[in-house]
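Here come two complexes built around chain A, the first alongside chain B, the second alongside chain C.
Up next is the complex of A and B:
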């Protein structure tokens, strides 16, 4: 697709990528329907709460160092200011830097919904600039401002003159997409359109899109072998670093859902290659990814040397723990950037995936291809039952109840507890580097082993609690409430 | 009018989903965008029988914005009744349906004949903050579920105090308040927390009186119940922390409820005796911790700013610097709340500022001379200004980060001791 960086708005994932949130079937069917273009997602006549795209968009932008987020809406929209602040501070402290970013709300009230509040918003933006002198200001809309037609673009244009740093409008109406990952694209769009500058000179950097850079040090060390310097995005990144993203050797990402828009945008607009392999999770993923980076950067011999050296250390250890995992059955529920990657790793470890849920599914990525993690599974004849549900917990519980797996793996807050209440051990795959490379694949295998070796906590709890769903629901098919989407 | 919310202390009205969540087996059914529950719930103490990702939600999309979402609301409620095993379904409306004009009342009234009660509260985010949202939910119960009782049970007291989850000590505080009121020979009735739920809601109308322990939150609820259910109320504005206030609290309830004076005094004597046993043992520490100075500031909602100020002045003999009330107390209550801070021992009066702008608050703290290390009790935001002013800092009010509160409490005699433990656990990290 052609990137339109001149406007502040962009299409949702549903519109741009044909993404869906409702489907029940299996992997092969999902892929073949995607390929021939017949896949249409279903909607639900009953659903449970999921996630707001503004959290993804502004959480990403708010992690950039020394910026201001102004979230124009009622106090609930900006309620994450405090959790954003704590995470920002803790990840900055871990790295030994100071991040002075602020997250400001505007406490919109009923009068504002009638008379508008663009004047107040303009004054708030100017005041935030006076108080904190941020390096960039992101001004976001909300459901309420969106519906009443508050024109934040005009407000931003109006105050821009008086503020010496980029002031960027960000459109975060929560109702416009069921796919919170659209928020990642929104943040990338803001960075691409408002901060990134055309390249002046090529650098030996590699743009590394991630969440909280927990494996920062080891990745820096690894890339030293290939004379590459990673720039981690966006947590702790500086606005100055972002200006130069166009000068990098390549862009890569720990999660395809997270980095797809930025990677494709930088490639299309500035010719920075985007690494489009499967992700560096597990053995095959890590090697495939690293080899592609070696190819793009012209460092193939160094990469091969590194792989050989590391294999010698880790593969025997991974093989040893695999013996103990063989035959386990797992269900997993994650964003699609992880679901189809983690299923591959589980397969590598000898664990059988009996059902995989993806919180959404992108029929194709920005480049028009189906996601590489899917292609890999299909090419290797790995198939399993699968569904797409935006964290619809009742569907997860229905599936867990039917399959009674040895293990449930999930990546989103508040999800693992429901599996353990049903007595299923759960692994919370929280950190994006939890399965990265050989070392973390080994740690991941051990985390699984330790989890299933001691099931006391979940057994203790499961014995004593009642589940909130009716028996009737457990007797229904998982897709009971799916219906044809009305577009 | 929109205003700068810098270092935010509250959420929006729809966070009243946490008030519902605090009632066992009651479930919020959200008529809102897909992400409100996730955004408005904290991650502490939310995985109960229900959790935010169980809340049914209409997940309004662009189409519903244009054509209205009542059909979706109807189907969401109908299926909620099939899928989820709850005692009470509380429909909460968010910003979108209230702007586009969905008639929630009409949809909900279609479920009147259901076996389980379905009620609704209008909690659009722009209608006010979560203190107001909490009141909306209680009012909804009164208006739509409760009916006047033919009988009045002598000694049955409904207790209303903390806003659950906004106050992270709500579990423990309610438990302790319940214990104290019970000791007076009364029968406390609380709807929030462990083992209470719908059965206790049903008892509300038969109570002899409502006891509201809060500077302003809940007053409208008390008036509404008085009007509809004929239940009088005793308004005790201060959350009692420590011996001075708790004894005063027990005497006032005793007098109101007609508990014999000897009985009240016996309870007080027993509780104070235990309380001062500990105070005596640790008094040297209070006097001789060289880094503890006298002046303190609380940055919290009216409930905690007042409760803690009274405790630190009347029990521990500290001296109030300026206190900051950050809950956006409605203008009509501000003078009254201000007056409570003037009623302290030795005719001490604490200066109070009603301010929701954390930037100003921090500047005022930095500008004040505490004549020694300041003691700051506040939200997590105050950690930063405490660092800048070399203060002792304790996180007592929302947002609470970097500490875990499960069922501990600051209310009552024992709660006062717990607050002292927490303050001195901070002070003792320094020698001089």
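Up next is the complex of A and C:
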């Protein structure tokens, strides 16, 4: 697809990537339908809470150092500001830097929804600039501003000249996409269109898209073997660093859902190669990814040396722990950037995936191909029952109740809560690096063992907690409320 | 009017409505809103209130019509109808409340007609037509009680002489709500009363339906529930008293108990006996840890009720000096501000503090930074940063609380006051 960086708006994942949130079947069917283009996805006549794309978009942008987010909407839209502060400060403190970014709500009220508040917004942007002197200002819309037709682009254009740093309109009307990951693309689009500058000189950097850079030091150390210097995005990144993203050797990411738009955008617009392998989770994932980086950077011998050295340390240990994991059955529910990657790792560890839920599914990535994690599973004859559901908890509970697996894995704490209440041990794959490379794959295997070996809390809790779901629901097919999508 | 609020505390009114419902046993909220409203509101209120946020139906398990562009353009009542149908089929709740997001509010979906269809079939589905932009989250509690008064509470002329309704301790807006309700209820029970707390002891819809049988409504809060309390009295003939802040410690809890006793004409002997017992209990402990805390000059940053409670306790009972009190919730009625100021000015012992009303974190930080003579800041998680900048002691004791786990911990009443002192010590 052609990247249009001149406007502030971009298409949703539904429109760009044919992404869906409703499907029940199995992996093979999902992939073959994606390939031949017949996959349409279903909607639901009954649904539970989904999530707002603004959280993904502004959470990403708010992590950049010393910027201001102005969320133009009613008080509720900027509700996550407080957690954003805490996470931002902790992540900064961990690295030993100071992040002075601020998150501003504009507190729209009923009058504003009737009479509009663009004048007030212009004044707020100027006031925020006076108060905090940020390095960039992102001005976001919301459902309310979208429906009443507030033209934030014009407001931004109007104040731009009076402010010496980038002021960027960010379109976060929550109703425009049922896929919250569209928010990641929105943040990438803002950075690509408003901050990144054309390359002046090539550097030995590698753009590394991640969430909270918890494995920062070890990755820096690893890349030193290949004379590469990672620039982690966006938490703790500086606006100055972002300006130079176009000068990197390559772009890579820890999660395909997170990195897709920036990676493809930088490649298409500035010719920075995007590493499109399976992700560096588990053994095969790590090696495949690293070899591709070696190829792109012209460092193949160094990469091979590194792999051999590391294999000698970790593979025997991983093989040993695998014996204890053999025969376990798992269900997992995650964003698609992880679901099909983690299923591969579980398979590698000898754990049987009986059902995998993806919170959405991208039929193809920006380059027109189906996601590499899917291709890998198919090429290796790994198939299992699968569904796509935007965190629909009732469907998760129905599946868990049917399969009674040894464990449930999710990247969302709200989802593991309900599994645990039902008595299923759950692993919250919180840290994006929890399964990264050999070392963390080994740790992950041990975390699973710890989780299933002592089930005292899950079992005692489940005896005493009455879940809200009816017996009727547990007897239904999981896809009961799916209906053909009306586009 | 749109204004700059750095790091707002809590969410929109929808968040307040949702969190109060979350605290109610066996009740299911149904969002008629955009896909993000439920998670945003869950994050803003229950999610920032001591980490006790998973209730009967909460966050990802809450039914939501997840309104998209199609509903924005063509209306979302059909989607709402099938969402309620599904909710009734899969979730076994005592009542369902339909909540309105900004989107549904602006496009004007008629949720009352939809819910009426269900009510006519005998299914307890109640509409709440207050969209997110109508106010801040602390008003959610008021909206809920207006809904209950209009649609749920059953009128009766039969009154139970010793039954009281306890209002004003707002679930999640007060992170210590469970424990505070339990402690106040414990004290009232010692006075021979039966207490509807609504949110503890597995009370729920049945308690609400029958609460017009009470003899007195007790509101522990400086300003909330003005309108609903009057309407309750008009419609159900239950009078109310207002105690203007959280009673903490021996002095204020005595004042609170005497006010209740006066309104209900309780037996003096019993009342005095309870006061005596409780005060002996508290001072026996306090006497065992003298000198562990040095005297502090303190600032409080909190909602009105918490700020009044903590300031008065530490000044009147614990010899600390109040210097600055910042009321961090938006207040609109002059009389409410005056009531709070009066409580903070009429201290028995200390010189009154400077009082500031301000919800914007930037201004709050500026106020704290320019106040030189403080050695303790009692506030929310939002004040941790400025406390460390000033290098003064800090305790997180008010909403929002991100980094503490609070089950039944209480600061109210007698036992709560001891906990507050313990927390001050732990945090030295």
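Observations on the structure shown:
Quick note on the criterion: the second predicted complex is superposed on the first by the 487 of 487 C-alpha atoms of A that agree within 3 Å, B and C clash if a C-alpha of one lies under 4 Å from a C-alpha of the other, contacts with A are read in each partner's own complex, and residues count from 1 in each chain.
Definition applied: a residue touches a chain if its C-beta (ideal position, glycine included) is under 8 Å from a C-beta of that chain, and two chains touch if they have at least 3 such contacts.
Quantities reported herein were computed from a predicted structural model and do not represent experimental measurements.
The superposition on chain A brings chain B into a clash with chain C. Applying the stated contact rule after C-alpha superposition, one finds that A:85 touches each of chain B and chain C.
Look at A:314: by the touch rule set out above, it reaches neither chain B nor chain C. Legend: residue contacts after superposition of the two complexes on their common chain; A:105 is shown touching both chain B and chain C. When the two structures are aligned on the shared chain, A:3 is found in touch with neither chain B nor chain C. The interface of chain A with chain B overlaps its interface with chain C at residues 45-55, 72-83, 85-86, 102, 104-113, 117, 120-121, 124, 127-128, 131, 142-144, 147-148, 174-176, 178, 180, 390-391, 393-394, 414-415, 417-418, 468-470, 472-473, 481, 486. Put simply, chain A touches chain C in their complex at residues 45-55, 72-83, 85-86, 89, 102-113, 117, 120-121, 124, 127-128, 131, 142-144, 147-148, 174-178, 180, 390-391, 393-394, 412, 414-415, 417-418, 421, 468-470, 472-473, 481, 486. Taken together, the chain A residues at the contact with chain B in this complex read 45-55, 72-83, 85-86, 102, 104-113, 117, 120-121, 124, 127-128, 131, 142-144, 147-148, 174-176, 178, 180, 390-391, 393-394, 413-415, 417-418, 465-466, 468-470, 472-473, 481, 486.
Interface residues of chain C facing chain A in the complex, by the touch rule stated above, are 1-15, 26, 28, 31, 34-45, 47-48, 54, 56-57, 59-72, 79, 82-83, 85-87, 89-93, 101-103, 105-107, 132-137, 362, 381-382, 385, 400, 402-403. Within the complex formed with chain A, the chain B residues making contact are 1-8, 10-15, 27, 30, 33-40, 42-43, 46-47, 49-65, 72, 75-76, 79-80, 82-86, 94-96, 99-100, 124-130, 356, 359, 379-381, 398-399, 401-402.
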